[in-house]
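Below, chain A partners chain B and then partners chain C, in two separate complexes.
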Partner chain A sequence: MRHRSRGLRALEPLAWVGPAIVLIALVVLWPVVEMIRSSFLKISKFGVVQGGNGTANYDRLFAEPDFASIMGRTLIWVVAVVGLTVIISLALAQLFNQRFPGRKIARWALIAPWAASVLMTAIIFRWMLDPEVGVINMIRRDLGFLDALGGASADPLGQSATAMPWLIFVAVFVSVPFTTYALIAGLSTIPGDIYEAARMDGASKMRIYWAITFPLLRPALTVAALINVMNVFNNFPIIWAMTRGQPGYSTSTSTIFMYILKNRDIGESAAMSVVNFGMVIILTVVFLKVTRWRSEVA
Partner chain B sequence: MRTRIAGALGLAAVLALAGCGSSGTGEGGGQNASSGGGAVTLKMVAADYGSDPNAENAGAKFWKGIVDEFQAANPNIKIDVQVINWNDIDKQVATMVQNGQPPDILQTGGYSGFVQDGLLHKVDEILSPNVQQDLLTKFADFGKVDGVAYGIPFVSSARGLFYNKELFDKAGIAEPPKTWDELKAAAEKLKKSGVSQPFGLPLGQEEAQGESFLWFLGAGGGYKDASGKWAINSPQNIEAFTFMKGLVDAGLTTPNPGTKDRKTVWEDFAAGKVGMVNGGPMSIPIFDEGSVKDKYGVAPIAGKTGALDTTLGVMDWIMAFNKNNHPAEIKKFFDFFYTGNAVQKIVDNYKLLPVTKGGIEKLSGDEKLKPFLDGLPNASFYPFTDPKWPAVQDTIKQTIGGAVEDPAKVLGELQKTAETG
Partner chain C sequence: MAHSSPAPSRALPRLKSVVIAGSAYVIALIFLFPYVIMLLTAVRPQDTLREATYLPSAFEWSSLVEFWSGGLAGNLVVTLQVAAGSTLLVLLVALPAAYYTSRHNFRFRTGFLFLVLITQMFQPTAMLVGIYREFFQFGLVDTVWALILVNGGFNLAFAVWILNAYFSSIPRELEEAAFIDGNGRFGTLFRITLPLAMPGVVTALIFTFIAAWNEFAVALMLTTTPANQPLTVALNSYIGQYQVDWQGLFAGSVIATIPVIILFALIERKVVNGLTAGSIK
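Our next item is the complex of A and B:
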């Protein structure tokens, strides 16, 4: 009797933790298992399972002539967007942390690109870059940078060399508000008396920033950048709305490629998802190692 | 703190599960009631032929009219129509089928991809013999896979060369080009007179496979050769793209054609910025809304040595999925649709062409549609019946635009995809 009740008591925490574990298993682990499983199945275009397929889906994926360039582009895309976002946000956060007239309005205005739907923003930019009627092209023409509308020179989204910078610009544009706000929150946790002490000791402004502000901001910066890495890696609407990954696959990232493959071969698309998933995990681990996450945040 | 969060999560999970349970039984009860009462709801998904979802000719309005009329005559059958635009319909239907919830009736651009999986009713099960006989034979034959009909031709289209008469006059071009040489000469004149896109060339994702096929036909090529083998990189096709490359390099076309959708280029034509573009009866409403209304003409498509005597017959299909097993009700609706005035309404609204002998006869007096109706008997078609076509088409849509830079390489890669895919 006594023995049994002790056993029950040992199980008691399970009653509290159990539902959470079940929930995690259901909404996190199960889809991952399903994704990995379907990457080894032969599935028709309309989702009917036609049996096992061994590693054929992966063989086909790795044999795609555009696979290597797409993975390389994905890496560049993530590094460029997150890097630029962080640099711009650090400067903006510093600016918005100063007292100046109209700061409240400026802070609200900063939210706009964040509050607007990303898909909408991307469509608006595509429209502004339209070779015939795009307002950006009209301005370029009026300033004398463009001979005439309608030609290839008025079509930055038509060539990957000019489309990628625009895609990266839009991605930075929509990522900056969140990152800046995270950093402003970080800045406001730094106690004012440290600055006072530094000034008493006669530290220069640059010295104060690099010796006090930046190190104390690192936890906030790490978290904000990590969220950006994952968001940007999985970003779909910007590229899809602006170029559909075209011309060819030359503006496709692995997420876009996975979506295009889904129309053709679900098994291969699932294999791409698994590779994608693995890459997010690797990127995250590398990122946390580089930023020494444990000593900074935990 | 931690346990408290876990507890709250647990409670949420229990609530969510309870919610699922109750809604599940509710649905089950509803199903029982409907089968007992004899009323059947058919779910239908249709493509939107209208120019935009809010327009007077929007697909949703069109189908509501047809369905209301049908339901008034057949109170036991309800039809629930979901209209989806052409850009999204393939993906959304694929998602429905992947989730095991296909519609009962589907009206879209292809049917063959579903046949392999055994998802469709045979036409004999869902269409009366007299209606089957009224369908144009050549078209109906394309609805068969291995001799069994699964797809019913819904409407067809044909293609022609639209040209802007005003821009042609300004550039001093007397008549629309019949050969490629004439086409290039006309494009050069248009360019000189200040037209930014002398020839509209949409090779982007929306319909690159159609535009490419028209050029293939012009050189005597196609997606398959006479023996039915894939011939995407045939010498004729490479010749066609080499000619197009010349146009693109000279700045005589839409810039970067591999990224431009048909819709965008047609809109540019409607705005008077494009000299010539391949289009169909379905582009007439778009052009009539723009500034080129009454200022454009239609001619047969220019070929390498002369105007084409064939055209791209793009037919759309209607089909029925067998999952919910309502063949009798579906047959009633299909017979109603093909024998009534519904097809006539489609022609009036969307300038699409009928696929029934009766329908063509009724239209023979329409001068505007005559060039297209004339092309129909000798139309060329995509290799629809090949189960690989949907996947091949998808690859074509993504990559064939690159063939205006390197014809042999890109068409060669597509050929390899078609042969191995």
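Our next item is the complex of A and C:
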């Protein structure tokens, strides 16, 4: 080793780290370039490039009659799912942080929606919402919320007014486990003697939570929330498996719309991707700022 | 007064813990509920699937066996190839990178870790069209290789983070001692460092395996021939048809879901730390 020349030594890191860089460049960075390039090209249905297209793909995308409503819905989708997920997870983290017999098994059950493929969970929910034999509809009927099975009111996924809330419900359902676990991990880092001192001062439970627990939990909460924002924004399987973005485009987010466009016009679909990707970049910058990643790595 | 007061104060905590445990069990059941329904549907006799009853009239476990002779078994093989292939790829690429960055300070170390962190934030769904165009030009659309590459690339970040954390926690002195004892550089790596980092390696492996196993959007975009599709895509195309074979669909779902839930339970604790990239301390 000592006999190596300076030039070879400089190359040593590349031998170890190089393969990782190549893989990232090939699979992550190249598609970004390719996507941006495609958004300015005219591409046939069979993938043949027919020359430049200027900004025509973008013009067509922004002129889509449903474009504004799709973008608005995407915002509602992300805010609603992440907001509900955070609120529910804060409560569940408190609950599952208590000592009780069988805690390990109860926590284990919470893992299932996180580990299982989101697609599978979405398919099961679609089946449970089946108008005729869906178990959720049967429960709704037996509780008196539903007059009879089989009718239009027993098909919540068939109507835009009720489909979106159900999609949001399923997205919250699959997001809560990771968020709860991240918050439980955050709770475990809070030293117990802080509580001791607060209790000695006679602070109420609510006051202890808002004055001590919540502020100390904030870093964990912020990171978990941002990861959720990214996941929910990019989520494809839930909506695709349950409604395909229908009826009309009434349950389509920008990710779903991008996929629908792909079968119609790859160039316009690429333009939609670039718009999506711009939002991902913004979210990433926020994430880096919030986590102050440099101090962690150094 | 004085002698009666201890009784309620002892009864009250007991009631509180009953309420806590009770609500935790109920919530746990809610989160398991869809997967129980999945299992019940898979073993329901086919001709009773359209009957609105909570429980099946009989349990037909044979549907889980019939799955293996049906067409979906081939899709399961594709899923296994993709999951195993990307796991192997991640292992080969992430191990040396994570080890080197934990032990050496080189010029583009920060730049490299930044690249990895960015990769973790990006998801393939946001750049599906780019991925499709790239692999179209490579002529790799509809092959298992494209799926292995994409799944490997997008799960690399998690593996690098978690392995980096494990390697960093192993004292250098241990390695130096082994080196002085006459183990070469690679001998030290394989006999001392790797065994100590094994929990991290296992976590990275299982995580990548599950992520690739569950992946749907990229596979839907990149595979067109039914026989080349992984299980997720094949199962999804089931519901596109008019006559949905729910029983077959759910037999496949059970086989696609139960193993990963069990695998995931083994690594759950470490996954949170890896996903949040050490930002929760």
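Here is the rule we use: the second predicted complex is superposed on the first by the 253 of 298 C-alpha atoms of A that agree within 3 Å, B and C clash if a C-alpha of one lies under 4 Å from a C-alpha of the other, contacts with A are read in each partner's own complex, and residues count from 1 in each chain.
Methods note: a contact is a pair of C-beta atoms (placed from the backbone, for glycine too) under 8 Å apart; a residue touches a chain by one contact, two chains touch by 3 or more.
Bear in mind that the values here come from a model prediction, so they are computed numbers and not experimental data.
Student: In the overlaid three-chain picture, which partner chain does A:Met230 touch, first (chain B) or second (chain C), both, or neither?
Tutor: In the superposition, A:Met230 touches chain C alone.
Student: Quick one: classify A:Pro131 as touching chain B (first), chain C (second), both or neither.
Tutor: In the superposition, A:Pro131 contacts chain B only.
Student: Quick check for you: in the superposed arrangement, does A:Ile282 touch first (chain B), second (chain C), both or neither?
Tutor: Neither: A:Ile282 stays clear of chain B and chain C.
Student: For A:Val79, decide between first (touching chain B), second (touching chain C), both and neither.
Tutor: Touch partners of A:Val79: none, neither chain B nor chain C.
Student: Would you sort A:Gly158 into first (chain B), second (chain C), both or neither based on which partner it touches?
Tutor: In the superposition, A:Gly158 contacts chain B only.
Student: Hey, is it chain B or chain C that touches more of chain A?
Tutor: Touching more of chain A: C.
Student: In the superposed arrangement, does A:Ala106 touch chain B (first), chain C (second), both or neither?
Tutor: second
Student: Of the two partner chains, chain B (first) and chain C (second), which one does A:Ala68 touch, if any: first, second, both, or neither?
Tutor: After superposing on A, A:Ala68 lies clear of both chain B and chain C.
Student: Considering only touches as defined above, state whether A:Pro247 meets chain B (first), chain C (second), both or neither.
Tutor: Once the two structures are laid over each other on A, A:Pro247 reaches chain B alone.
Student: Touch test for A:Ala148: chain B only (first), chain C only (second), both, or neither?
Tutor: Touch status of A:Ala148: first partner only.
Student: Counting contacts the way the document defines them, which residues of chain A are shared by the two interfaces, the one with chain B and the one with chain C?
Tutor: 13, 16-17, 19-20, 23, 47, 132, 149, 262, 266.
Student: What does chain B use to touch chain A in their complex?
Tutor: Residues of chain B touching chain A: 3, 5-7, 9-14, 90-91, 94, 97-100, 113-114, 116-117, 119, 196-197, 204-205, 251, 255-256, 258-260, 264, 268, 271, 273, 390-391, 394-395, 398-399, 401-402, 413, 421.
Student: Spell out the residues on chain A that touch chain B in their complex, using ranges where they run on.
Tutor: That would be residues 13, 16-20, 22-23, 44-48, 65, 130-132, 148-155, 157-159, 243-249, 260, 262-266 of chain A.
Student: For the complex, which residues does chain A have touching chain C?
Tutor: These residues of chain A touch chain C: 1, 12-13, 15-17, 19-21, 23-24, 26-28, 30-38, 47, 92, 95-96, 98-103, 105-121, 123-128, 132-133, 135, 138, 149, 173, 176-178, 181-182, 185-186, 189, 219-220, 223-224, 227, 230-231, 234-237, 240-241, 255, 258-259, 262, 266, 269-270, 273, 276-277, 280, 283-284, 287-288, 291, 293-294, 296-298.
Student: Quick one: in the complex, what on chain C touches chain A?
Tutor: Residues 17, 20-21, 23-25, 27-29, 31-32, 34-35, 37-38, 41, 49-52, 54, 89, 92-94, 96-97, 99-101, 104, 106-110, 112-119, 121-134, 136-137, 149-150, 152-154, 156, 160, 185, 210, 213-214, 216-217, 220-221, 232, 235-236, 239, 246, 249-250, 253, 256-257, 260-261, 263-265, 268, 271-273, 275-281.
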